[in-house]
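Below, subunit A partners subunit B and then partners subunit C, in two separate complexes.
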Partner chain A sequence: MSDTLANDLITPDVDAAPLLSQPGVSMLKAAPITRLSLRAREATLKDAGSAFGVELPVKPMTCNTGQKRAVLWMGPDEWTLLAPADDLKATFDAIEGKHESHSHALVDISERSEAVIVSGEKAVWLLNTGIFIDFSLETFPVGTVTRTIFHKSPVMVWRTGTDTFVVEAWVSFMDYVSGLLVQSARELEAA
Partner chain B sequence: MSQPFRTEKGGRIERAEQLTFTFDGEEMHGHKGDTLASALLANGVHLVGRSFKYHRPRGILTAGSEEPNALVGIYRNGDQTPNLRATQVELYQGLEATSQNRFPSLGFDIGAVNDRLSMFFPAGFYYKTFMWPKSFWDKVYEPVIRSAAGLGKPPKNPDHDFYGNLYAHCDVLVAGSGPAGLTAALAAAETGAKVILCDEQAEFGGSLLSEVNASIDGKSPTEWAGEAIAKLDAMDNVTLLTRTTAFGYFAHNYVALVERVTEHLSSPDPKLPRERLWQVRAKEVVIASGAIERPMVFPENDRPGILLAEAGRTYLNRYGVKVGHKVVVTTACDTAWQAAFDLADHGVEIAAIVDMRETPPESLLSIAKARGIRVEAGCVVTGTLGRKRVKSALIGRLMTSGKVASGGQIDCDALLMSGGWTPTVSLYSQSRGKVVWNADMGAYVPGKSFQKERSTGGAKGLYGLQATLEDGYAAGEEAAKAAIGKSVKITYAASSGGEAGEGGTLGALPHDRNATKVKAFVDYQNDVTAKDVKLAVREGMQSIEHIKRYTTTGMATDQGRLSNMNALQIASGALEKPMTDVGLTTFRQPYTPTTFGVFAGVARGDFFDPVRKTPSHDWVVEHGGVFEDVGQWKRTWYFPKSGEDMHAAVARECKTVRDSVGLFDASTLGKIEVVGPDAAEFLERMYTNPWKKLAPGRCRYGLLLNDAGFITDDGVIGRLAEDRFHVTTTTGGAPNVFATMEDYLQTEWPDLDVWITSTTEQFAVAAVQGPKAREVIAPFIEGIDLSNDAFPHMSVKEATFCGVPCRLFRISFTGELGFEINVSRQNGTMMWETLAKEIEKHNGTTYGTETMHVLRAEKGYIIVGQDTDGTVTPQDAGMTWAIGKKKLDFVGKRGLDRPDLVAENRKQFVGLFTKDPQVKLEEGAQVTSAENPETGTPAEGHVTSSYFSPALGRNIALAIVKNGHALDGKTLYVPMPDGSIPVEITGPVFYDKEGARINV
Partner chain C sequence: MLLVYCPYCDVERAETEFSCRGQAHISRPSDPSQTSDEDWVNYLYMRANTKGVYAERWRHIHGCGRFFNAVRDTVSDKFLKFYKAGEPMPDLEALAKEAGK
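Then we have the complex of A and B:
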């Protein structure tokens, strides 16, 4: 995993059994992390970045990462800030403190969603069983992040490595998402 | 059983591997590489089905997916799949096939009486015959027609297969792998473009697989094709898909393919799907769907043993099967002659070549002469004899007068025919393309492109091997250049042989028979004859669209690929109009019949829709709770104790909440965090209520209208800070409220500094309601003085629950003292289990949605979507108190001033008491002013909610009734099948009207 982004931040949940473990593809539940939704006007971006420790990306569908930090571009005025679970209060307060006078909204969404780490040479194939995005490296290079649809569930997909993706869904949708991924991967075991 | 019609050598079948299969129970043999059709023919079986309407014996007509006759059922895994084309079914060991549309057997079929009675079943028969008497339709006509209609039997069991789905993107999609498709794929792949090549057949190569008289780069066509495939297979940028039909061409070069993954296997790995839907987004598409041969429309052209000439050639050269031992070939074009020559070279007796043309090309005549084949030029087939298999052909000589003179009869056991070729323009047509008439070719060919596609080879009416190869290369180069801007010089393969032929005919052929008696089929699958098309014209149909629907020609599963051109020519003759004026029907998706399973995909069983569960779910399952579906959510409906039915459980839960305390999972409620300096201003504009003066730490009930002024949602909103609100919505309304807010923010008020974030799933919510609610939560809450003075009704504060952060609301949807505790989602189960244990100490209960409904109904609290139906205003609901009178504007304010919303006699929200307290009204029942109104009398309103109220010890109901607020104490009626139920109008608040219980 040395070539993957944010591998000090997005880590498998050591208490959870692998959801999928095949030669071609694996799926692991990710450990809890801090997720903050930041909505802000342009004037605020610089300060928010320095308070968080990583500059906010402005190019659509990209991310910036730092030590145990990542910022995902979610929309023209929307970012998801990722930090270790224990840093929730500190990160929240740091940005709020710096921004009291600014126009922005910071909301804790740490537990709104869960993530799985899908990796392996068949990861793209597996995601494409339910996601219509072109995951070729030219159009969806490492670091690309987007909201999209997996079958009937909204998901967020973040490519953290050539063959590694973080797939997030709202908690109550995760059974559906991970269940269908497991079901669809079954044919890879066929002789 | 031996295979008497198998050639001694040749073909692409694996002769060493013999397979056993059954057809209607009879065991036969074939080889790997056979289709069911070729294997049946090898065994001398031509009769494979009965026709749709007349139940005429029918045989295999084609060798492709356009096959109209040879529809069979295949048994597999204890169930039967009907209507598979035998020409597409690959043979496997143990295959079980059955014929269709016959009773009791294929050889003797009672329905065949329809053929003798056919004068009573002309086109449009149903429309004319079954109109009167009208009352007969439901009871007699429709059931009889339905039982007689349709082909094959639908499977009885749930589909035991599963289906895959894959989204794919490519630079160039090539549909079809004949000479044009293969070269297009080669040329495109060479540039490095990402190429998907698909073909509906088991093998790539298309017509090359049955071509033995040509060579490409000095190799046989099959050898050359094999090398081309191997080359493509070795390239990383190429995806090869056999058994994969491009069945739908949709907008923006979105093309749907269905890959048949396991159906050709005797015992497939159960982990593999039966089929896979490929949803391809292609930058450029090359349509290389080729051309198909047209049947000739002569009387009795449908007997088993009559095939298209090229099909006869394909069965011979590709499958090593002779369609007969003594064959007549009838044609209007050159290509069919090659079928005769190839068969003759395999020792088949060619009884005659019957060519319509007075002077067929000298080159063909000399080859025929060299083989000693009798040629009848200037002749047509005017009929055939033989019941279950053709046994002779009647020959007619075309006279200069246009009449036909009998030319005798030629015995045969198979008849090959060719009316010429029709380009397969289906995909082009699906891509929104409009075909254009090419008089030289006598065919409709693709016109200009509406999407990023081009047709190549036979699909655009181009014939001849060399020309097709070259056109394919060019199409591939062009597509790759357009897709990725690159082109690479490649050497085109050079071929010899396989020259294009001349000639062809359209429409019904002349004959010397009694035109009112004979049947010359235009559309085989739907049993439409030339006569039917002419009748449709006589009865006033002028457009081909009307003729199609009147006669059903072209409405079979091939969508008229075989029949359209002939039907058009016949209609054009009957209308005395040029063919181009008659029009052409549109080819639509799917190209060939496609299973429902592949469309349903994974959306079945547990994965039909996401099943959303709350943190209490497992606990509830363990404790025997009963769930109900609320949208995608599973919510607990009620918690029966042993021996309790729903009524008893709900009554107990209601009573317990009012007497002591109840615990309810409210996690599904929508939650939106509204944050920013303009948060209060934003809510002020969205909701009817005033928000600016709401102090941090306080809550207010909010009512949301649409622009028209009707109630669309409601919920309690708490102000956490000057610039931060916690908004709750209804469970079902959450996505809509969020989208509406975002819509207003982006389009109407982009100047406001406020943002919304959905926090529905960030929090788990437990509602603790009842006189002992405070005692229940007190041990776990830290950081709040819970006393009534310090934390009164409609307060909110951040604190901790068992040490984890929480937002505590003091609110009530029951009319009792109540709290709602929000903790982060992952702590939800801990909170639920803690509280569930605690309420037991207070003789409390967990309760579900049904009790929640009863308790709120006793208090007259509305449920949006149950007591409102999108036409209810705040005035109608008696909720003008929720409108901020001093507010300049809010969503729906102007709507509320519309004349019809302030008019008299609007339906208003009221309570109902049945005169007999034991009678429970039905929700949705109509409320009338007369006890037994006459049929057609408009209702005064309807019952929206109805429950037994344990607190009142009687039944109560809520309703919306015309002018209801003024009818207090009046008697109305609810007419039901068992008699009218008298009801008394009352206010909607049934219990604790002063609201004293909330403020303790």
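Then we have the complex of A and C:
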């Protein structure tokens, strides 16, 4: 996993048993991290980036990563900022300080969602059982991040490596998402 | 299933990611308290319901969350144009002619 993006940030939860471990694909629950939702206008993007330590991406569906930091583009005025769980207060206050006189919304959404790390040569196949997106490297290169629908649940998909994806869903939808992924993977075993 | 292009994300995605929110380019009366009941009813409820080329609002609700506008032929269900919210309405007749070729 050393060649994946943000591998110092998105790490498997050591206490959780692997959800799936097959030769072709594995699925690990990710350890908790700090997630901040930032909605802001262009005037403060530079400042917010310097306060956070990583510049905010403006190109659609891209991400910027740094030392234990990642910023994901969610919309033209919306970003998700990722940092280690312990850094919540420090990063929150630093960014808030840059926006004192500007309208913005910075919200701690750390516990709103959970993430699983889906990796292996069959990862794309597995995700495509519930997501209608072309995950070929030409159209969905490493670093691409997008919100979409997995079967009936909204999810966020972030490609952190050629064969590695971070799939994030709201906490109450995670059993549905990971459950369906595990179920679909059984088809690989049978083949 | 329709394929919808989001001008903010710059991608074409399945219809399930979007929601259609009806006719586009309807502006809210600037002073509702001075608006007559009849005009208010027209603003709230009356829609063109065009058979043919129609500009409507779409929202990429399970993506970037943004509203944008699309021109769709309601007969063939073909999209003729996608453009960002706030951009002027394109010439629908010209688009229809172009598509008819």
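FYI, the second predicted complex is superposed on the first by the 190 of 191 C-alpha atoms of A that agree within 3 Å, B and C clash if a C-alpha of one lies under 4 Å from a C-alpha of the other, contacts with A are read in each partner's own complex, and residues count from 1 in each chain.
To be clear about the criterion, a contact is a pair of C-beta atoms (placed from the backbone, for glycine too) under 8 Å apart; a residue touches a chain by one contact, two chains touch by 3 or more.
Since this is a predicted model, take the numbers as computed values, not measurements.
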- Query: Which holds for A:Ile133: it touches subunit B only (first), subunit C only (second), both, or neither?
  - Reply: both
- Once the shared chain is lined up, is A:Tyr176 touching subunit B (first), subunit C (second), both, or neither of them? first
- Message: In the superposed model, which partner reaches more residues of subunit A, subunit B or subunit C?
- Response: B
- Report for A:Pro32: first if it touches subunit B alone, second if subunit C alone, otherwise both or neither. first
- Message: Going by the contact rule set out at the top, does A:Ala191 touch subunit B (first), subunit C (second), both, or neither?
- Response: first
- So, A:Thr148: does it touch subunit B (first), subunit C (second), both, or neither? second
- Task: Would you check which partner chain A:His104 touches, where first means subunit B only, second means subunit C only, and both and neither mean what they say?
- Result: first
- Query: Does the superposition put A:Arg112 against subunit B (first), subunit C (second), both, or neither?
  - Reply: first
- Footprint overlap on subunit A, comparing subunit B with subunit C: 78, 132-133
- Query: What part of subunit B is in contact with subunit A in the complex they form?
  - Reply: 164-169, 194, 269, 271-273, 279, 281, 602-603, 606-607, 609-614, 632-633, 673, 675-677, 753-755, 757-762, 824-826
- Task: Using the touch definition up top, name the residues of subunit C that touch subunit A in the complex.
- Result: 8-11, 13-14, 16-17, 62-66
- Message: Which stretch or stretches of subunit A touch subunit B in the complex?
- Response: 32, 37, 39, 41, 77-78, 103-113, 125, 128-134, 136, 139, 151-153, 170-173, 175-176, 179-180, 183-184, 186-187, 189-191
- Note on the structure: subunit A residues touching subunit C in their complex are 60-61, 74-76, 78, 132-133, 146-149, 154
